[in-house]
Amino acid sequence: MTQRRSYAVGTGLFIVLGFSALAYLATQTTSVANATQGASYMVETHFANVGQLKTRAPVKIAGVRVGSVQSIELVPGKEEAKVTLSIDDRHKDIPDDSVATIFTSGLLGDQYVGIQFGRSKTPVKEGGEIGLTRPAQQLEEMLGKFFGGGSAPDRLGGTFHVTAEFTNVGALQPGAAVKMAGVPIGSVDSVVIKPGSSEATVTLGIDKRYSQIPDDSSAAVFTSGLIGSQYVAIQPGGSPEYLAEGDSFVLTQSALQLEDLIGKFLVNGSPSDNKSGGAQGSTQPDNAGKK
Amino acid sequence: MTAKGDNVVIRSLTQIGACGLFLLTILAAVPRSLRHGRETVRQIWFVGAMSLTIVMTCGLFVGMVLGLQLYDVLSIFGGTSATGTVVAIAIYRELGPVVTALLFAGRAGTSVTAEIGLMRATDQLDAMEMMAVDPIAYVAVPRFLAGVVALPLLGVVFCAMGVFGGHLVGVTWLGIDNGTFWSNMTATVDVHKDIVNGVLLKSFAFGIVVSLIAVFQGYTTPPTSEGVAYATTRTVVASSIAILALDFVLTSFLI
Amino acid sequence: MTDDAIVRIRGLTTVLNGKTIFDNLDLDIPRGRITAIMGPSGTGKTTLLKHITGQMRGDAGSVEVDGENVPALSRERLFGLRERIGYLFQNSALLTDFDVFENVAFPLRQHTRLPEELIRNIVLNKLQAVGLRGAARLMPTELSGGMARRVALARAIVFDPALILYDEPFVGLDPIALNQVLLLIRTLNQTLGITSVLVAHELAAVQKVAERVYLIANGKVVAQGAPDSLADDGSPWTAQFFGGEADGPVPFQYPAGDYATALGFPGGKA
């Protein structure tokens, strides 16, 4: 029997060890460690856009976690999200005119709700509402602001179609913007290979409000900033005649590949340029070898 | 059971089918084996507690090597502060349950197969039958249950050791800030997704599969020393394949 | 004599993998006696014991043990019956996990809730009977073949069964151990009145204890009677078996095709 009892004791120890390891993992290495402890109260907020915010995301004041997102639901009949915040009872003194904002931790991190205090002396109550909110900033919009990409305008006035032929359209996609003087005036309808040649035919849908485009204007494929999307830019010419439905641009400038641009900076040109590859091979130093 | 002329596919299918039926036999015998609770406790000691050393050692080394590799790779992107997070997630979701199950199959599964096989070869199972003791309830079920209970616990211990190993390398040797290491980990690792669905659920499923295969191979082995040797090999091969295949299936459902 | 038979087998027919093991076999084991079942290797003597314990079932016929028809019993009833039957395995089949004491105590622990004190008394009593009380704390691997068989015997009689089946109890024993086992079989039979069935092929040993011998060959009982008279009853089976002839009704050659054909000679019977 002593033999059996020692097995029972050993097995018991083993099970206890296993469960304590589990408790350690669960409490010390996971987000449970950040979970609110004790009582909390609910506060309602409304956002026009919650972005990637998820339930259980942190709620922070001055960067310190004070609670978590309890629920996110769409307000019926409105383009608005109701976000319920569960805030720790220790933080009872949030002014009722505070501003709730959806922030992103770092450039690519998770989103959280940040509360910036207002000046009111009355704190927000259980079940109350933080009325002032700022919605999630979409990364695309922020980048768009930097790079001037912007989106295609609404086509309220109808469109007319003109075509342009490019030797290289780069990454131009249907739906990309068409701009004149940086102002969107239409969008790319289709990008197809012209039958029997190596050129691409791009059909542009241009708003009828901008029908006065000289017929000797040139079209170019540009890139918004360094990593932005590509668009078609129209540089007006001096002709008194205007482009009409079905016409095509005479002058076009193809897309510049980023690689080519960078290659121009380098003394030896683009190593991917196969046409002169044989001649360059002898003069080009072996970069890899030197490094 | 199967004719020698049958090809590999038919033989494998026969084995899988027989294994499935054996699972039903075992499950049906679970109520009858409740009176052998002591035997189950004893088997948890043998398959579980006796595997602790190998599981803890391997967990430590896996955590350490992960810490080292990740630090090396992440330093390219200046992201070494994420080392702890990635170590924890990699271990909780994949390496913990899978490596533990593979170790378990090698350490405990083989010994269960060999033990039952030898009991069969030396008539001990028949002797139990003759003493009016059901060998399924007394021999097969306790070892099966012990594996199902022990593997999740071993998996959790493996994970704890792995995180400790990652901390040892990352913080103590390579100088990642201790606070950064832990806070990034605690901010990202999720109890439900990474621990419950990762370590526990997977280990539980692997526990069922590995224990079933080990007990089945032992129970159906031809009662010769050659038969026992083959059965032991088959336990390792079949368990390893089953663990990795099941891991993929489970992951695709859980992710 | 057959009026009080503890085992009554009638018309037992068993076919295993296309091979007929028993062909309409009739056999009675008288209560309170020592009966030996003999026969050439491979005639299914052990299989016959397995029919008596219900581990195997025949294709036809009945096996009645202590008034119950074994093939028809439910699992619970069968287990109940087995508690009244002791079985001594050829290789002893001790549980290698446990020491000698726990091996003998195993059936008690599994089937009763006796206090530890009582279990200890019963086990030591049985071990004393087989002369191994001093070996109670040894593990099975530390025992010689003869000792292991005596421990297995102590385990088989721990419930004081009405019937003990001995499967090849004399195989691999030196003369001293063999005589110890013989003595035990006789003592158990005489002092406790336990019916004993021996499966063996050592004629000399069987003659010392058995009161009745069945000779089985080709799935049938080919001879039966007292061991002394059996050897010279004139049947070719007994003459070959007890005389130890290499060839006879039990052929030296395993059944095979024509030898010349197998060797590829053209003259063979095709």
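For clarity, chains are labelled A, B and C in written order, and residue numbers in each chain start from 1.
Note that in this section contacts are C-beta pairs under 8 Å (C-beta built on N, C-alpha and C of every residue); 3 or more make two chains touch, one makes a residue touch a chain.
Keep in mind the model is a prediction, meaning the values are calculated, not measured.
Trainee: Going by average Cα coordinates, which chain is farthest removed from chain C?
Mentor: A
Trainee: In terms of CA centres, which chain lies closest to the overall middle?
Mentor: Located nearest the centre of all protein C-alpha atoms is chain B.
Trainee: How many Å are there between the centre of chain B and the centre of chain C, using C-alpha atoms for each centre?
Mentor: 43
Trainee: Per the centroid of Cα atoms for each chain, what is the distance between chain A and chain C, given in Å?
Mentor: Computed from C-alpha means, the inter-chain centre distance equals 84 Å.
Trainee: Which chain A residues sit where two or more other chains touch them?
Mentor: none
Trainee: Show me the residue ranges of chain B that touch chain C in the complex, using the header's touch definition.
Mentor: 118-119, 122-124, 126-134, 138
Trainee: Residue numbers of chain C touching chain B in their complex, please.
Mentor: 53, 55, 79-80, 82-83, 85, 87, 89-91, 93-96, 106-107, 110-111, 152, 155
Trainee: Could you list, by residue number, the parts of chain B that touch chain A in their complex?
Mentor: Interface residues on chain B, with respect to chain A: 38, 41-42, 44-45, 48-49, 52, 88, 92, 149-150, 152-154, 156-157, 159-160, 163, 182, 185-191, 194-195, 199-200.
Trainee: Hey, which residues of chain A end up touching chain B in the complex?
Mentor: 4, 7-8, 10-11, 13-15, 17-19, 21-22, 24-26, 28-34
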